[in-house]
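Each chain gets a letter, A, B, C, D, E and F, in the order it is written, and its residues are counted from 1.
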């Protein structure tokens, strides 16, 4: 494994209930690289991502960050990592701006209101700043979660189907954001069932489970979806 | 408006909070036709669909079923209509089969266990029949909701982003199911942000809001996604 | 051969299998001896006449109820600290036995209280804290029942046992002070003033019987748990083959 | 119609059975509250007997209240409430079925454990009998009225308190008649008057509450 | 570190303010339990004064319990709990912050309303003072211990019952010392002994509970 | 020997109900635990065997 590998998995195994989802999984991720976790429904993508965040413990093997097992470097790892799961992690009672403020506070960062507002505006939420997230549409709520991700300023993004509920424009925008993040030396672990146009990005694929996935995602040539 | 129009909207208007989402919306849907509701995030697709189900009331105008305002034919309409929203409407504590049993009971139908099991099997849930839905993956839970939809045997399906969380195989399968339903004289109102291959289907498009949507969905020529 | 060898489930399974008969038979013989002393050697009590003979199960049961809880908390702490699978299995194996002994203490105490105090139940320190101990046992077992995931259940149960163990003495003393401050000594356990040596002997023998019984039962239960948890390993497959 | 009612009932009962603990809620809440009071008040048997009926009835009210907030909330959250309201059957039946299920799940266990608690509070046997009877008539009232409250407060924010404030006082008559009946036995003045008032209140509630709750449910879902 | 604690606090307080009803419901519950008693037991002032401290303390215990099941549950459901646990700050602080917020939201209103209820129960002024003091020391214990229960039962079926079952036994010392202090004043034996025991229990809980709750939280999220 | 006769023994000086009630319930509890344990051990073995066969096939 090359020296500049930041995130690596060593002989990972995961069981849920009495089912073995995967075992002997190995990979290493260097800066500027995207790990695209693929697999059918229920094959264990979410379970893998949660292992990588440290939220759950592997049945066997370990995950390392900068060469150290994440179980042992907990807080420094969490400072550099941001996770977006199936759930958005935003509070329905708060408006988007307040949500971002508290997200920042909980990461122990100072809150930059102007920047947050700009980020929300870029994500098309300028008109919703005063609304409680409860009344936002499905896709708008997902966008708030994405804004929190962007503001976290983490090196490693772990994204579980970030595109759910996003419209085509937002998907295109998200592709751009991913590209920028990777170009700036960031790293991404992502799952998605939708097509992603990631031309020019260094992609590593990982198939979880035994359901073959046709090669559509992250195809280097732009397909229709990307051309918004 | 032609005579065989079953579902029709007349001068519909919808406001949420102090925002006017749309007004003067008209359409009519005949048997075998798909109404594809398109629009960006937060433009009012979900709001429209809830108007069509009768869960909420329009600001102005009315929705008619077989020529009658749905507010007045409530229960006969509900017998012929099935709705799938952003939320799955399945109970986490029950296993998939039990969920279907109760869905049937609540519609006042007898439950056909063999058929339900077959449907679940077709949707790739054969191994999950004994698991509480709580432990199922995101996509698997969506599949259970789809199974309930199929078993409802309704004429009119109202589907709010039915493809969220489904993997490519399931999307292809769903396309087939939609095609079959329409071919059998059913009707569908659906929203989706993903590409759908619906070659040979009679599609009516409806743009909600003012965000242009590139013409990718329901394109008649199969794109890569369909070829699973 | 060191301590860790015994901490491996496979070794422990066989060791437990060899130990169980010894403990079980000792428990049986001690019970017979204890009961013989209790009913045929120990004399009638001056104050309580024959009713005091409940003591031969009441006190050992009460002791075991409390003691097993402590042992559970101990194993739970070990498990949490060193992540040893066997410790968690021991916790699970002990709980039902502890709960049963606590229940027996409550039941026999209530039956003893009716003739002695004229009431099945009074809100006395020992009684109340024993009742709460039973609630703690039930709580732990209910928590296990509610959690499907074995590992999560192990840890959650151990944590609960731990915080309970810290609290049990506090509960006991709090109830004691509460009662004496309020009520004076209108109800207190009427300790047999000079407990005859023979009575004490009988009681101690019964207590040892309860000890051995608990060990035997816990070992038997832990064996079943080991089999279940290690069913994917080769040695369990070998055992099942036989 | 009956099939629908049965389906609602069966569903809620299955869910309660699946959540296992859930139906135990009344039992444990009851037992624990009953054990807490002596701890707070002191072990004097006479005093305990005197306040026993009141304590047990308050505990019953609280136990039902504790569970009521979830009567519709869980189904609302996962979207199944919408499906049920969209069913071809009238919503009143749905409400009735859910209230009935609530009573079966939370009321019946209460009835079963009440005698034991009565003994712990040193109540005489005839008072325990009347206590049971009053709980049998009274707890359905709590479930029905609670259904209205749960429907009104569904998904509401600030309004929630106000409506809870409106519903809770409605429990008071049930509490007074119920505890009064048992007190009547203890005081030797008989329980009939209180019990028949309780019965009348039950009938009234049965006739009115489901309709209001059904209307409230539709409003809350909009 | 302090910033993190403050952020957790501010967040929970804002949410409570936004939901408005929330803290009022616990308060209302407290008042209701306390006022139901005179209704269920009868208006005899002597009797009421005798049972007053116990009833008020039991009511406080139940009110805190009522709100505890949601301490982590809401955040768990919408995924924000995971984000908080994944924050670079230690989870103990998170638990501490949330318990503190719970106390501010549910404990403080209880303290404010308690004197009124004390008067309702015909308690003398010095007893009311001690009641307040005992609640001031005692309610944080309830929030801290409750945090352990809430973390252990997170996401479980029947979380509510389980929580009651797990936590109420642990509340017993607080209840006894708290009610005992007030009783001590009434009986003329003084409250210091009980209050200092309560204080010691608070310190012990403060030292132990957050760690166990943090560990439980991590276990529950796995 | 303490007891004049068997009926004396069963009577326990008038406290027979309480003493024997205690011992009977204790015996019942212990018997139940032992039986459940024995049955449970057998059942576990059989279930594991069945699962193994199922997994292998």
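Everything below uses one rule, namely that a residue touches a chain if its C-beta (ideal position, glycine included) is under 8 Å from a C-beta of that chain, and two chains touch if they have at least 3 such contacts.
A quick note: this is a predicted structure, and the numbers were derived from the prediction, not measured.
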| item | value |
| --- | --- |
| Angle, in degrees to the nearest 5, of the Cα rotation that carries subunit D onto subunit E | 180 |
| Chain located farthest away, centre of subunit A as origin (C-alpha) | F |
| Separation of mean Cα positions, subunit C and subunit A [Å, integer] | 50 |
| Where subunit C and subunit F are represented by their mean Cα positions, the distance between them in whole Å | 16 |
| Approximate Å spacing (C-alpha centroids) for the pair subunit A, subunit F | 57 |
| Where subunit F touches two or more other chains, by residue | none |
| Numbers and ranges of subunit E residues touching at least 2 other chains | 18-19, 77, 156-158, 161-162, 165, 168, 172, 176, 183, 222 |
| Residue list for subunit C, restricted to those that touch at least two other chains | 135, 142, 146, 148-149, 175, 178, 182 |
| For the subunit C and subunit F complex, residues of the former touching the latter | 39-44, 49-51, 53-54, 57-58, 61, 96-97, 100, 103-104, 107-108, 111-112, 114-115, 213, 217, 220-221, 223-224, 227-228, 231, 236-237, 240 |
| Sites on subunit D touched by subunit E in the complex | 18-22, 24-25, 28-29, 32-33, 36-37, 39-42, 47, 50-51, 53-55, 57-58, 61-62, 65-67, 70, 77, 157-162, 164-165, 168, 172, 175-176, 179, 183 |
| Subunit C to subunit E touching residues, read off their complex | 80, 132, 135-136, 138-139, 142-143, 146-147, 149, 151-152, 155-156, 159-160, 162-164, 166-167, 170-171, 174-175, 177-178, 181-182 |
| Subunit A residues touching subunit B - in the complex, by the definition given at the top | 16-17, 39-43, 45-46, 86, 124, 128, 131, 135-140, 142-143, 161, 164-171, 193-195, 211, 213-214, 216, 219, 223-225, 227-228 |
| Subunit A - residues contacting subunit E, complex | 53-57, 75-76, 78-79, 81, 83, 85-94, 98, 102-108, 132 |
